[in-house]
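Each chain gets a letter, A, B, C and D, in the order it is written, and its residues are counted from 1.
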């Protein structure tokens, strides 16, 4: 940690602050610049709260040197994490493709889509049972019944199932029934939920919040990991910017950034990012080209009658032809589907 | 709702979509422009899901005419809501000032600050017991013990207490012990929590999410109200933008905007917005000048040793002189403290 | 154009506004909804100024139906534009790769880099002579001398040269000496410069402004085209968002969006987007995968001693291996280098 | 300047970089942390180009200690600048109010509005002659003729005139005829124009770009000042964010921030910020309450027929009543109109 003092800080104030910091078991190096004095904090700075230092009126600002996460930090765990999900894996040299409808609507629908996407090469089935909706008057999902239908689709196809959890009170059912538990963008900093998920044994698919920085996303993974569950898959799904043509702006730079900062696998959701079905194919290819470990794509056999997000779902035949292109691009990055 | 068809939509496709929409009990007016055909949907469009219409490949885009909220909508409830909290009110011609430390640290601390801010004219006491922190390794609040200390401070001063809830499992304690239950920015779209709070009888202070639009903030209030609890106080606390000098960008335009769209009271949190103690005073004055119904301000007797957010807390003496200026500005807007 | 009236607009006010609009040679269809009345404007709405209508206090808001650009609009020019530059082309089934240093530093430097990038397959040479710098104290480029050195490099390699113009007073030299004239992000809405460039005969490479929407970028192309020069190449180079890990956020969704809205070719600048050399390769691959018509990449033989932007330049050997991967990805999109 | 080395930087690489930096007349202090080594650069770091250092692959990142501006820096010029304009001043203990129409339309219009706003207490007259418009098909202003009309209005009222310059080729006329030369948001980083304006003797009103940081705004002032003209007035006019209800988000935190960083006066444009006439009054009051040195407000006697931006202009009677409130709020901050 580096503390930059104000130009008008007196020697006395600087020494007072130095002494205070050293009482927390840190060593402090003082570098006197032309105008500003700089304090370099050496040692275990994890106990130091930067906001306390910034509360000192002679402090200009505080800069962190080290990333605030440990368990998710590539610095301490240089090997990329590969997560086992039943007989499949996410991370490493495999491209994981998760496909399925926005929400589970009926047994017929989910089983049919599951069979189709499996045939095209998808490795996992997605489908919403509990749906976070901006409006309380919108369809909120089939809930427990949706989970049951996902289980049927899994039985029929063998595909592991991925679905979103919205509150901690159903965590036992999710741990028992679901193969990958998804945390949505809106709950990325629902810290109580993250802590509870940290106590489960199932892989967690953690989506980046609409305005979360890369560091905050990794910190939310750290919340889960710090409770014992180290199987976290990160997911870039578009961030909120001033551009309104697309629903969100897919931040593909986040993929190489996360790969440099963390050992956790990271996948991309092109469907929610753009919010328009005709963008899903080009963005999926770009995501694989940039180095993502996988994709989560909305596929629906009848988008115009889908109960939610039909505008961003692609039809099975487009998904099928997309998969063929993805295989070629994945190969360039030494990945296979 | 207005549907703008693509320029290449055939007459047949337009009629097909028109027919489909009319099956949902809506009347459709067709306006044929030079290039684009427009469908105006008349009647109760609440059952219409725009994303289904947008899934039609001949649709360019869908534009809403009416705001998607009802209970919070000024159009249907033209009179401003005034919320009763014990013997005090929020909204109308009163300026509500909520003050206190970021987090409750000890009985001595919270009682002393409570007495001081009351003397300066604050009407409510704030203090965090459950603290949402970006890092799992940061101080997470005194939790239940913090609630107990807040109750002591209330007993000593008579000030109603405001504190943040982070998960639904403590909702009974909050409903029993707390006067105004706060929902933090990170939980603004924790819809399960909102629904549970909608079943309580206590006023809810709902903070705007870091990247929430004004409409989304009001929709989150609608979630609470749709479950029966109409006592919602909105709070602008800064949004995330590209500017990094301040922690967030306080969006004071949101105040007149919300006042035009909704009848709910709206207050401002200048402490979290800027993240710097020396900005709290000017931003507080601006918030009152722009027409806010109140303020929630962090005041700490010893910011450099505060357990959290010391850098954005002001000292009691500054709070005291600030209150004097606020009274004058409030008067211009026909409000009294 | 669609005008949504306020719920409290009287019939009289609506008719008054209708009459006023019809005086501008537009037909107005009135659709009366439950609460709001909607006016659909049919005919040539280009003369209508929406801000005048919005100044009416009974108007809620005005929504455009048609894009405000014509010459750049795919609706009126369905075939993609292919731009000839000497013996090369940009757009269509070719992937154009523009490479070279941030700034021209010496004859030796620019000629050497030009030869190397040509050998690796680049089709065009970039190099800054006039440099827009945030600080007046930074290196501002070799200016006219830089142009001369670029011409030497062109003579040595046959590569057409691309360089940035910063003010209209050097437009004659640029038209005479340069093959593609670049307008930087900061000047995207320097309308006087755009108009002057519209009178030249050279292709213009127009970079998206840091916070320009896709529509504004195309409108700036329209400025150039409306003066007679229809050879405009658009360039996505990252937008400004809240994320600070990367310098800007590369918005790859803009590529399919622009391809849908306009017939102009669009390329990507991965170097300025991320601002970090190790991101250039993955982002370049993603840009080609998403469907860009080309790339503009900073390549420097000695980045640590580059006079500007060394941190985002890649070395010739990395550029060479990158080109091999790009050929494969381009093929998927039916493009050749 | 502080250089944070990567954790995997060897001692040798660190010493090599240290040696290279010291060759530029800087002293380097090495602070060895647990994982990362930190280099503190002491001395005149203005010649050091951080991007060269960041090009070193063993460098994690570079952090500036001192602001990159000098002439505009409060650190070196602690007294607030007061700018003389004819017999009036901007900055210090005066609140400067600039009012007038978006664009000059006719002699009658500009003279009438000038007289009205003067009567209400405005000290300066604004009016656009050269208009930057997003569309090449929109009204572009009366240009030279507009300047002539402004001069007539000045003669009739004595109010100094403020109008926008869009290109350097009319700089002589502006220097001769205009009292304060305005640089619009879109040209904030038109560095060639800034340099030319730096050679004039007239005060420059520099508007913040839509996505410019506070530091970049001050750096653009530095461009003007470094050429000799130190009379720069900064202007906050709203920044681009994700919120679409308002046209831009007025960043009032920028006022106290700029006052801390620079000695230059700073004013607020509430009209362009919100883009809606009914927000101008509350935002004006907030701007004065937060400590701005002045306001620039669009006033039009007939907004519905204004040639541009009628939707954000207020009528003279509203301006008059607003001025009365502003006087009271200005007094709290020890300013008089």
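Before moving on, here are some points about what is shown:
Just so we're on the same page, a residue touches a chain if its C-beta (ideal position, glycine included) is under 8 Å from a C-beta of that chain, and two chains touch if they have at least 3 such contacts.
The structure presented is a predicted model; accordingly, all values stated were derived computationally and were not measured.
Annotation: A-C is the more contact-rich of the chain pairs A-C and B-C, by number of C-beta pairs in contact.
Note: the chain lying farthest from chain A is D, by mean C-alpha position. Once the centre of each chain is set as its mean CA position, chain B and chain C turn out to be 39 Å apart. Between chain A and chain C, the centres computed from C-alpha atoms are 31 Å apart.
For chain B, residues that reach two or more other chains under the stated contact definition are 211, 240-242, 244, 278. Residues 2, 4, 7, 29, 31-36, 38, 40-44, 63, 65-66, 75, 211, 240-242, 244 of chain D are the ones touching chain A in the complex. Partner chain D is touched in their complex by these residues of chain B: 211, 213-215, 239, 241-246, 249-257, 260, 273-274, 278-279, 282-283, 285-291, 325, 328-329, 332. Contacts from chain B toward chain A in the complex involve residues 46, 49, 51-52, 54-56, 68-69, 132-139, 166-169, 186-187, 189-193, 195, 209-211, 216, 219, 222-223, 226-227, 240, 276-278, 303-313.
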